[in-house]
Amino acid sequence: MEKEIVLALRGLTKRFGPVTAADDINLTLHRGEVLALLGENGAGKTTLMNMLFGHYTPDAGHVEVSDFKGGMLRLPPGHPQAAIDAGIGMVHQHFTLAENLNVVDNILLGAEPLFAFRRDQKAAREKVRKLMEDTGLHVPMGARVGELSVGERQRVEILKALFRETRILVLDEPTAVLTPQEADGLFAALSAIVKRGLSVIFISHKMREVLSFSDRIAVLRHGVKVGEMATEDADRAAIARMMVGAETVQPERDSLVPGAPILAFEDVHLRGEGARAGLKGASFTLHEGEILGIAGVSGNGQTALAQIISGLAVPERGAVILNGTPVTAASPAAMIAAGVGRIPEDRHHDGVISAMSVAENMVLERLDDPEIQNRGFLNKPAMKANAERLSREYDVRGPGISARATLLSGGNIQKLILARVLDRAPKLILANQPTRGLDFGAAGEVGRRLLAARREGAGVILISEDLDEILQLADRILVMHSGQLIETDSRDRAAIGLLMAGQAA
Amino acid sequence: MQIEPRQSQNPLIGLLIPVASALVALALAAIPLAFAGADIGAAYQQMWQGVFGSRFAFTEMLTRATPLIFTGLAAAIAFQARLWNIGAEGQLYLGALAAVWVGTGMIDGPQVLMIPLVIFAGAVAGGLGMVGPAYLRTRFGADEVVTSLLLNFIILIFVQMMLEGPFKDPMGLGWPQSEPILDSAALPKLIEKTRIHSGLILALVCAVVAQVMLTRSTWGFRVRAVGANPAAARHAGINVNRTLMGVAMISGALAGLAGVSEVAGLKGYLTADLSPGFGYTGIVVAMLAGLSPVGVVISALFIASVFVGADSMSRAMGVSSYLADLTVALSLICVIVGGFFGRFRIRFGQGAAA
Amino acid sequence: MMDILQIFLSESFWAASLRIATPLIFGVMGALLCERAGVLNLGIEGIFAAGAMAGWMAVWLGAPLWLGVGAAACAGAFFGALHATLTVPLGLSQHVSGLGITMLATSSSYFLYRTALPDVTSPPRITPFQPLDWPVVSDIPFIGPVFFGQTALTWLALFTVLAVWWLLARTPLGVALKAVGDNPDAVNAQGLSVYGLRFGAVMAGSALMAIGGAFLTMSAFDAFFFGMVNGRGWICIALVIFASWRPGRALFGAILFGMFDALQVRLQTEAGAVVPSQVFLMTPYVLSIIALVLVARKADYPRALLQPWFKGQR
Amino acid sequence: AGVAAAEKIKVAAIYTLPVEQQWISRIHKALNAAAEGGAIEYVYSENVANTDYERVMREYAEAGQQLIVGEVFGLERAARSVAADYPETAFLMGSSFGPVAPNFSVFDNWIHEPSYLTGMIAGAMTESNTIGMVGGYAIPEVNRLMHAFMDGARDVNPDVKFLVNFIDSWYDPPKAKEAAFAMMDAGADIMYAERFGVADAAVERGVKAIGNVIDTSLDYPDTILASALWHMEPTINRAIEAVAQGTFEAADYGQYSFMQYGGGSLIADPELVPAEVLEKVAEKEREILDGMFRVNVNDASPVSN
């Protein structure tokens, strides 16, 4: 029996210049239903949700919500307040948090009357505390959001969306930065609320969550809704085919014999920043032709590890030996020169200069290369040729090589960085959360590239919170917890999960 | 209502908009003119005459633009690296002080030696004036907006002290001014009986060099990278602090050259009222030019034309000479708003028609 | 050394520090409001002049003093609205717009003044705010003259600090203002108007700046002069950063600067014979830089400062 | 020449500061008076930056102004070269240097004589033997008046001490006021008010003040003991007459600011200053007018003692 319709999108259309990001999309949502919205990077999912919530004014179409009395109410376009008043809560793909405010203030922002002489902090805190209890999403209430980890921030986003009498919750990639455990916790909590009548639209690239949590699946491709199905009738291959319009293959790891050691950490200590753990006596050795997977919940020392390999920091104690020579000074340039390729965790912050062109970003790390410059002057034709070749070889898609990198989608930015790093045939690759936020086609591509580099003899350090990814790509697995590394031979998800939580297997 | 970037850049619009903005600015200037009871038509004619009416008027405009090109370049280069140099005014005075220090008899020699020496001294002094704030930022995290701004006050007072002390012209009858620059160290005049001098050539050369360096050299690449995203630049192996210090030196040096040009090209000696705020106006010039060095030349010429034209007009019409600054301000605002309509368009309603 | 101690012990020194600080307090609070909302307002130097002129002119034309203060605030709000229009919905460069406003506000004030009073050879005077004469408390030694010998505008300045602090720390509006200066998307996503908040903050902040200007012509002095703002606006821009955008520290910074200036005057008088007067004139600025270097750490910059925000774009 | 006499002389003035500034206000006033008297047609530009000054001079000369008045302290050489380019135009400029033939005349505010006399009054009337002096910038025009004042005070009271302060601005009355307050705190009971703001501070503290250049006694009742006034009319009127008669030539008009020509005068408030002091001052004034006493000219920057 069909439940009542709480939300209907009617012919929503949005164009950005020549791009039609959403083309005449119709979608309905029922009470207590969980709808998964799928599609490749850039398919138009976020755009659609932004129209729903009033961030974007649609070029055509409108949004209707039920008015509780059996009728439908048309929302004024481009008006987030109206959406909020209608009981819609949205968790944005990119956090919409004020980092200078604490958790409670972020949640209360806009929820209390603006022009009041003072605020009832006590009652508000109580209400937030209760919400945390109800949802199982716990965050230190008084902490400034700027000091929280990404996972904690994601929880604040969700609490924010649920705080105001929400009956329709929109989640745009809520788990992209969560650990599997956190994600499971989130869905468990949400399921409870859904049972009480909450309707959910959620966007994700993680097939496992989609299949286990949603009731229905809608798929977008190039701004068009290409299909809808009940989750119970769906399987991975079918969904993938609908999303991409073709068959997809997952990367396969063939067996290789590792070569000589290229990087060794010997009892390395480095203080962490803020609440994050640093390294407390980490030791390991990486060989040529080997992918070393570092599993673990983010914030346990991964950042410190990455900083050292990136050349941004040197150990306070212990030794790092690269190609047989100890690393003594923090210098990214020296690392690059030594043949280390670094794929940073935060691609927007550390990976690209988004105000500069794609071509420029592709030579960012080789400004001294005589192929790129001549006596300090850039060789523009060479840069252009380089960018065209890399775009082709690594399938970087976007408005063109002279467009600013900000116009690329996240997946394409990641491909840009991969191209820049891998094209130099690095002997050592640091891949830090390389597939975050990518659709599985793009994520598969990253995996294939890393495997190809391994085949060429490179050693790879793969830091990831995605256990599936580690299990799929890594030759050896180290679990990181509280700044320490423990090697495990186990390939069992549960056993590794216990290590990640700091318990001996 | 929605603001959207224009998709295609219509070249006609690119040409039309600055012209339209200038016309709107002139129309707005009619308000104060009417308020002061002047004949508006005649006023516009006088304004045109004040810039293009004679060779003299035109050279005067170029003379006024010269220091603005230097200070505009100083701001443009620093701002490209997101180094907020608000201290061009002070650096200008440092450059001028250094120019009179070496140029008034400390040493003497032929022109080919003295002129480069004076220019070099001024550039180094101006550059050091910005290296200080840049160092305080990279070393202590002290915001360079504050330090470079406060340094303006300090340097100006310091210049006064020098002009009443060691730099004072003994023949100056007590007036706080430096000795005159030696003839061998003075920048040659370009046209006799006008004030236009070779500082203008130097400024244009600097603009072209800056343009080439910023867009074509690896140095310029690094500067832009550091400005746009210092974290990514550092991650990519660019030495951010060293780049910033270099930018500070060059930016300050350009501001210092403004001082050299004014003192060795125009006035011949240093007084504490050498600059009517060229350093601050330089920021406007640079931003108006979208931080492009060649654009700086154009916007400096524009600002100078409006000022000189309106100033001359206010005199001819017998209205308060504050009208000149008022007209410059109005033009500036109209031009940036015009620039906005060049880049964006405003759509009303749902725009479903398309 | 003895002399310096004596200066610090004298009540007149502290009274002077507070008096010198008063216009700065208004200015720094105004700049702080604007910047907290994400808008740098370099129009401050001109808005000071506009406030000085509007307040004075209103009183000179016969308005009561407080109406003059109101006129100044309106003038400030007007230029604030212009700056906000240019920088908030249109998202134009805050540097250029601010410097443009400084030019516009200054030159239009002078132009109006001169066109209204073409033939003055000596500046016309008004009867300014007088030091308040509080019963009893004015007679308390030290505290009395320092605090209770000030004019009503100084008290208003101190009250403004309290009000701004309260606004930011205790009210929902303040939370929203802080948020819009940090991440406008956060505010927008919660259904609040980014434009409205920024507009309001810039107008209110500019009104405060203008009252700072009015203090110069209606309390510190009784006539309007060309150029009498004399860089005070720029000092405020520096003080806001010194204060890490916090009202309490901004008050401290303003009074510190007032102290440096009051000290400078006294030292110059005492020791002007041995050291050039300029050495003393420099001290407030030099000490300010030293103070900044000492407190400088990663100040929590309003992250959205200088960043334009357009609805429906990323 | 007969025809020209009927026509008004075209006079333009160029000031580097606004016309309210004390110094400039005296020139402006004299020219306004001449304009009202019908002798001249008067236009002016105020607050002209030194960078722009030369252009303005040329513009006025090109526009056919017959007499150009102004002050060229910051650009002595440039101004003279402009004058050389327009030999038909008469220039009368405030300057520290001498005149240049054929058409560049100079003047300055030589009111050191009445300043000396006001110094005598201050010296006689101070009880704390401490006099405060607040100046704008330490330039010769200011310094020499301050020194004359100090000499006058020492003449009648050898024990008198001076506190000197420069505020580094022509126009910052609040700052001048603060400097004055500081001096009164340090014991000054008479203030030499070179800048706007000083007399205001004196009024607030009930202290007496000495005026300079302009008469402000009406603005500050019961405060201004005496003022050394500058009158530009003798200078301006002579120049206008010379232009009208076609006899203008390069000359130093500085002397017309002396008391002898009525360019400088003393005004004292008999209600505030005791008769015996006034008598002594009047005697000195006569000596000056008779040429029996010359006030020393000292351009060095004055300091506290």
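Should a chain be cited, it is by its letter among A, B, C and D, assigned in written order, with residues numbered from 1 in that chain.
One rule holds for everything that comes next: a contact is a pair of C-beta atoms (placed from the backbone, for glycine too) under 8 Å apart; a residue touches a chain by one contact, two chains touch by 3 or more.
In UniProt terms, the chains line up like this: A = Ribose import ATP-binding protein RbsA; B = Beta-methylgalactoside transporter inner membrane component; C = Branched-chain amino acid transport system / permease component.
Keep in mind that what you see is a predicted model, and the values were worked out from it rather than measured.
Touching chain C and chain D together: B. Comparing the centres of all chains, each the average of its CA atoms, the largest separation from chain D belongs to A. Inter-chain spacing, taken between the CA centroids of chain A and chain D, is 75 Å.
With centres defined as mean CA coordinates, chain B is found 45 Å away from chain A. If each chain is reduced to the centroid of its CA atoms, chain B and chain C end up 27 Å from each other.
Contacts with at least two other chains are made by residues 46-47, 138, 168 of chain D.
Annotation for chain A: residues touching 2 or more other chains are 57, 78. Of all residues in chain C, those touching 2 or more other chains are 110, 114, 278, 281, 311-312, listed in ascending order. Pairs of chains that satisfy the touch definition comprise A-B, A-C, B-C, B-D, C-D. On the side of chain C, the complex with chain D involves touching residues 10, 12-13, 16, 19-20, 23, 110, 114, 119-123, 125, 131, 216, 220-223, 225-228, 230, 261-262, 265-266, 268-273, 277-278, 281.
Chain D contributes residues 17-20, 22, 25-26, 28-29, 32, 46-47, 132, 138, 163-166, 168-175, 177-179, 181-183, 185-186, 196-197, 200, 204, 214, 216, 219, 303-305 to its touches with chain C in the complex. Taken in their complex, chain C has these residues touching chain B: 82, 86, 89-93, 95-97, 99-101, 103-104, 106-108, 110-112, 114-115, 118, 231, 234, 237-238, 241-242, 276, 278-279, 281-282, 285-286, 288-289, 292-293, 296-299, 310-313.
Across the interface of their complex, chain B is touched by residues 16, 43, 45-52, 54-56, 58-60, 62-63, 73-75, 77-78, 85, 96-97, 137-140, 143, 168, 299-301 of chain D. For chain B in complex with chain D, the touching residues are 56, 60, 63-64, 157, 160, 164, 172-177, 180, 193, 195, 262, 266-269, 271, 273-276, 308, 311-312, 314-316, 318, 320-322.
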